[in-house]
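Let me begin by presenting the structure, written as structure tokens, before commenting on it.
Order of writing sets the chain letters: A, B, C and D. Residues in each chain are counted from 1.
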Amino acid sequence: MTYTADEMMTVTAARVLRDRMTCFVGIGLPSEAANLARYTHAPNLVLIYESGTIGTKPDALPLSIGDGILAQTADSVVSVPEIFNYWLQPGRIDVGFLGAGQLDRFGNINTTVIGGDYENPKVRLPGAGGAPEIAAACREVIVVLRQSPRTFVDRVDFITSVGFLDGPDARARLGLTGAGPQRVITDLGVLRPDPATCELVLTGIYPGGSVAEIKSRTGWDLQVSADLEQIQPPTEDELTVLRRLVATMPARKPAPTGAAR
Amino acid sequence: MAEIVSLAEAITANVHDGDIVAMEGFTHLIPHAAGHELIRQRRRDLTLVRMTPDVIYDQVIGAGCARKLIFSWAGNPGVGSLHRFRDAVENGWPVPLEIEEHSHAGMANRYLAGASGLPFAILRGYRGTDLATHTAGVADIVCPFTGETLTAVAAIRPDVAVIHAQQADRLGNVQYWGITGVQKEAVLAATRSIVTVEEVVDVLDPRPGAVVLPSWAVTHVALVPGGAHPSYALDYSVRDNDFYVAWDAISRDRAGFLAWIDEHVLAEDSPAGSVS
Amino acid sequence: MAEIVSLAEAITANVHDGDIVAMEGFTHLIPHAAGHELIRQRRRDLTLVRMTPDVIYDQVIGAGCARKLIFSWAGNPGVGSLHRFRDAVENGWPVPLEIEEHSHAGMANRYLAGASGLPFAILRGYRGTDLATHTAGVADIVCPFTGETLTAVAAIRPDVAVIHAQQADRLGNVQYWGITGVQKEAVLAATRSIVTVEEVVDVLDPRPGAVVLPSWAVTHVALVPGGAHPSYALDYSVRDNDFYVAWDAISRDRAGFLAWIDEHVLAEDSPAGSVS
Amino acid sequence: MTYTADEMMTVTAARVLRDRMTCFVGIGLPSEAANLARYTHAPNLVLIYESGTIGTKPDALPLSIGDGILAQTADSVVSVPEIFNYWLQPGRIDVGFLGAGQLDRFGNINTTVIGGDYENPKVRLPGAGGAPEIAAACREVIVVLRQSPRTFVDRVDFITSVGFLDGPDARARLGLTGAGPQRVITDLGVLRPDPATCELVLTGIYPGGSVAEIKSRTGWDLQVSADLEQIQPPTEDELTVLRRLVATMPARKPAPTGAAR
């Protein structure tokens, strides 16, 4: 079966999720990946959306984090202050799933402004949403983002959500309880933080991909892991389920970059 | 005791030029009809507060009602940008828009502080981000017991909060269910409050997951069936996802936006029950 | 995922000598059967936390399980004093009891801080009272925005929280309704949690006003019908007000108390489902 | 109709409550008075108990603040943290109804310890409960308490809940938002704070009562208001309703003194 780079990316993200994990899900690719996992290898995956829906089981992909299906199929629906204060903040959630407008070599996320300065940016992005606290508090964070030199930069123009800031001990210094971005999954492969430096390095590549191309689509001198993983292509089952899910959505443009929703 | 009045009367009585106005509803129960009434009554210089400005504030901002926006995520959910919001921020059209942006957790806690009668709330947030340095109402605070540094956010105290609910009874008690968002905090943080409802019933039939606001905690209730459209009211309507997608084209240029507002908002006379 | 086990197994697995134990339930849904199991398993040196120690802790304290009590109101509601509590505080019988007392608002916010993963919470409280000077975990804190002085209270982080609920499903999701008190905060603040339930059902039928705790936020569930007696579980039992009145005489002297414990608690073998 | 001093006290307390007021009610005499008012002249009185029941309409007097009838007849039931943080603390409640173990000339309330010192008291009372924040935050506070030199003292042994502390500007200094104890209703009469000094003075006396006796049952040199009000005896209707309500309660000893419940 043929497949697109986006499908390979979504399938790869879904594979990271294990059954019974609790997963704080943003809208867009994260939501597609999390629901794909739930319909394939992780039927008991606990999906949590910032709209306050805990353990929701949508049979169609929501367009927004507040679609009725999320409330109607949830184990529990709580207020927005409660979802952030009682459920996200204490570090109860295993995985936080984020998109980004820009991402840098230390996994810092920008979803606020690109280019110019804050007052007069070239591009005004939607802003923070739930991303800063998801990035801070989840036991680990997975970023899903199409790769280009414009989005994968040496330093983000604006730190909306903290990855590793500038190195290994920054998170501890800031009192951030989670382990930060442990995986960045792109349309070309998978990046993971170097255990020593926390710099993102290429650890996985898709079938037919070229390291040279990935480096050319990265805004810093991307290092490659000694044991680079060859990622398996999507299975027929994965593609069938994913396409069925995506078909449930209304026609739309791509989700806004960086939407932590 | 909340008085049941028309939407036009409620907006006239509670929202004045220059007020701080919070219209809440987290994707669900967004009080769009009340937003249209603000536009019809040509309010000016409002400070708008809302976690997700969304299409409702894209319309109010594009119509020139606002001078400032306090928010945490400004996009058209699942679709793209808010073109009227960006045009106001980037080009000052139709009037300049000052912005103050936070994270969702920060905004939720600012409402929580307001609802609690406290000048601030604490959370684990903003640390290490560039948000704090570009945003008012955020400060470090040290735990007097552990010495740990956390973040304080200043309370939000709107002059008026506006929300949409499924039901009110004839005494003005309000009930809404489904995704309940931050509306209770917004109403309790505000000096005055307006609740538009799908239905006025004799007796509120208790619903699972429902929030009930006692009449004495609400200023005015207005009957506006469908008043959340294109958002929705669970068990009364479904989210009009196609409208959110269509809004991208409608709002992309100024002329198209103004034509839409003329036809769908201003052409309406201020309705008690009708929906724009 | 919460495992469904017997009450005896749940107490054995989760409550150890010297632990900080919070058994909550605000008049409604008090986990009395679990308190009896603590007595049967002869736990010692516990730090007991509870807003209203009530008859449940009068029994656990009288049985010598506790070395410290953290509370905000220690009486037999509507009846009078807690004689075992007073005997322990005033005479050290059967063992000395250290006390740390707060206001209800202070205790509620200490649980709230624990549930929120924060080291403290803020409130308007304690100012001008003698409580602050005789109590740990209370400090002044200044608002970084207004300069106003408020009160900080330290988070409570129990080793284990024990509550009673109406229902759990077979996956261990828990639902309780009626007066829901501070139990959600107690469970979320604690490292481990036990929920005794009236009934285990196939599917939780959503109830108005219900709190649902997802299975993954609970450690153990135990089926204990009537496990709240003499407290009650709305829609399953009514409060045994006569028992609360009778307890005054039962607990007034040590011999009468010990005889009651022998007959109604120790004589029972640790039950999975039975009630003392 | 003959009546007891307690009945006169409860009726007098009930008369203070006006229709549509919001009233934070403690158990015992306050609960009797509030429900009496609701069944007589204030049918729309909003009763709030610290168990989180808002707008409750019990047809029988609860023995505890958590009786099922309170939840079943409430407009809304909220969590205990919410009732204190969202509803009491911001000063939304018109009247707070408290009992006391000891009360002093400045309306300060002791429900903690009497005699000896804190570590070794003569009498150990139940403690604070909700009283300190009720006394701090309600727009005004009404104290209901049987009068004796032992309970009406010059200075309380322990300040559990603040009245006027030591004089007129203390509440403002402490940032207490409510007006404090505006009425103390006893089995002998009514005391109110002097507007200038905040010291409690006798402002009302029951039929057949004697100022001399009231002074003799007060632990400080009780001043008497220039316009001392002669309080009307209970009406037949008031007594009938009150006795019907009290008859709904299980046999019991008097509620613990000072129970803000």
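Methods note: a residue touches a chain if its C-beta (ideal position, glycine included) is under 8 Å from a C-beta of that chain, and two chains touch if they have at least 3 such contacts.
Note that the structure is predicted; figures quoted are calculated from it, not measured.
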| item | value |
| --- | --- |
| Chains touching both subunit C and subunit D, listed by label | B |
| If a chain touches subunit B and subunit D alike, it appears here | C |
| Chain pair, A-C or A-B, that carries the greater number of C-beta contacts | A-B |
| Mean-CA-position distance for subunit C and subunit B (Å) | 39 |
| Averaged-CA centre spacing for the pair subunit B and subunit A, given as whole angstrom | 28 |
| Whole-Å separation of chain centres (CA-atom averages), subunit A against subunit D | 57 |
| Touching two or more other chains - residue numbers and ranges from subunit D | 85, 89, 137, 177 |
| Multi-partner residues of subunit C (each touching 2 or more other chains) | 117-118, 123-124, 148, 150, 184-185, 209 |
| Topology of the chain contact graph, where touching chains are joined (line, ring, star, complete, other) | other |
| Touching chain combinations (by label order) | A-B, A-C, B-C, B-D, C-D |
| Parts of subunit C lying in touch with subunit D, wherever the complex brings them together | 26-28, 51-52, 71-81, 86, 89-90, 101-105, 108-109, 111-112, 123-131, 134, 148-150, 178-182, 184-185, 209, 211, 232, 234, 238-239, 241-242, 244-245, 248 |
| Subunit B-touching residues of subunit C, taken from the complex the two chains share | 117-124, 137, 139-141, 143-146, 148, 150, 152, 154, 206-210 |
| Contact set on subunit D toward subunit B in their complex | 20, 22, 46, 54-55, 75-76, 85-86, 89-92, 137, 177 |
| Complex contact set, residues of subunit D against subunit C | 27-28, 50-53, 62-68, 70-72, 77, 79-81, 84-85, 88-89, 112, 118, 124, 126-133, 136-137, 158-162, 165, 170, 174-177, 250-256, 259-261 |
| Partner subunit D, residues of subunit B touching it in the complex | 1, 115-118, 173, 184-185, 188, 212-214, 216-217 |
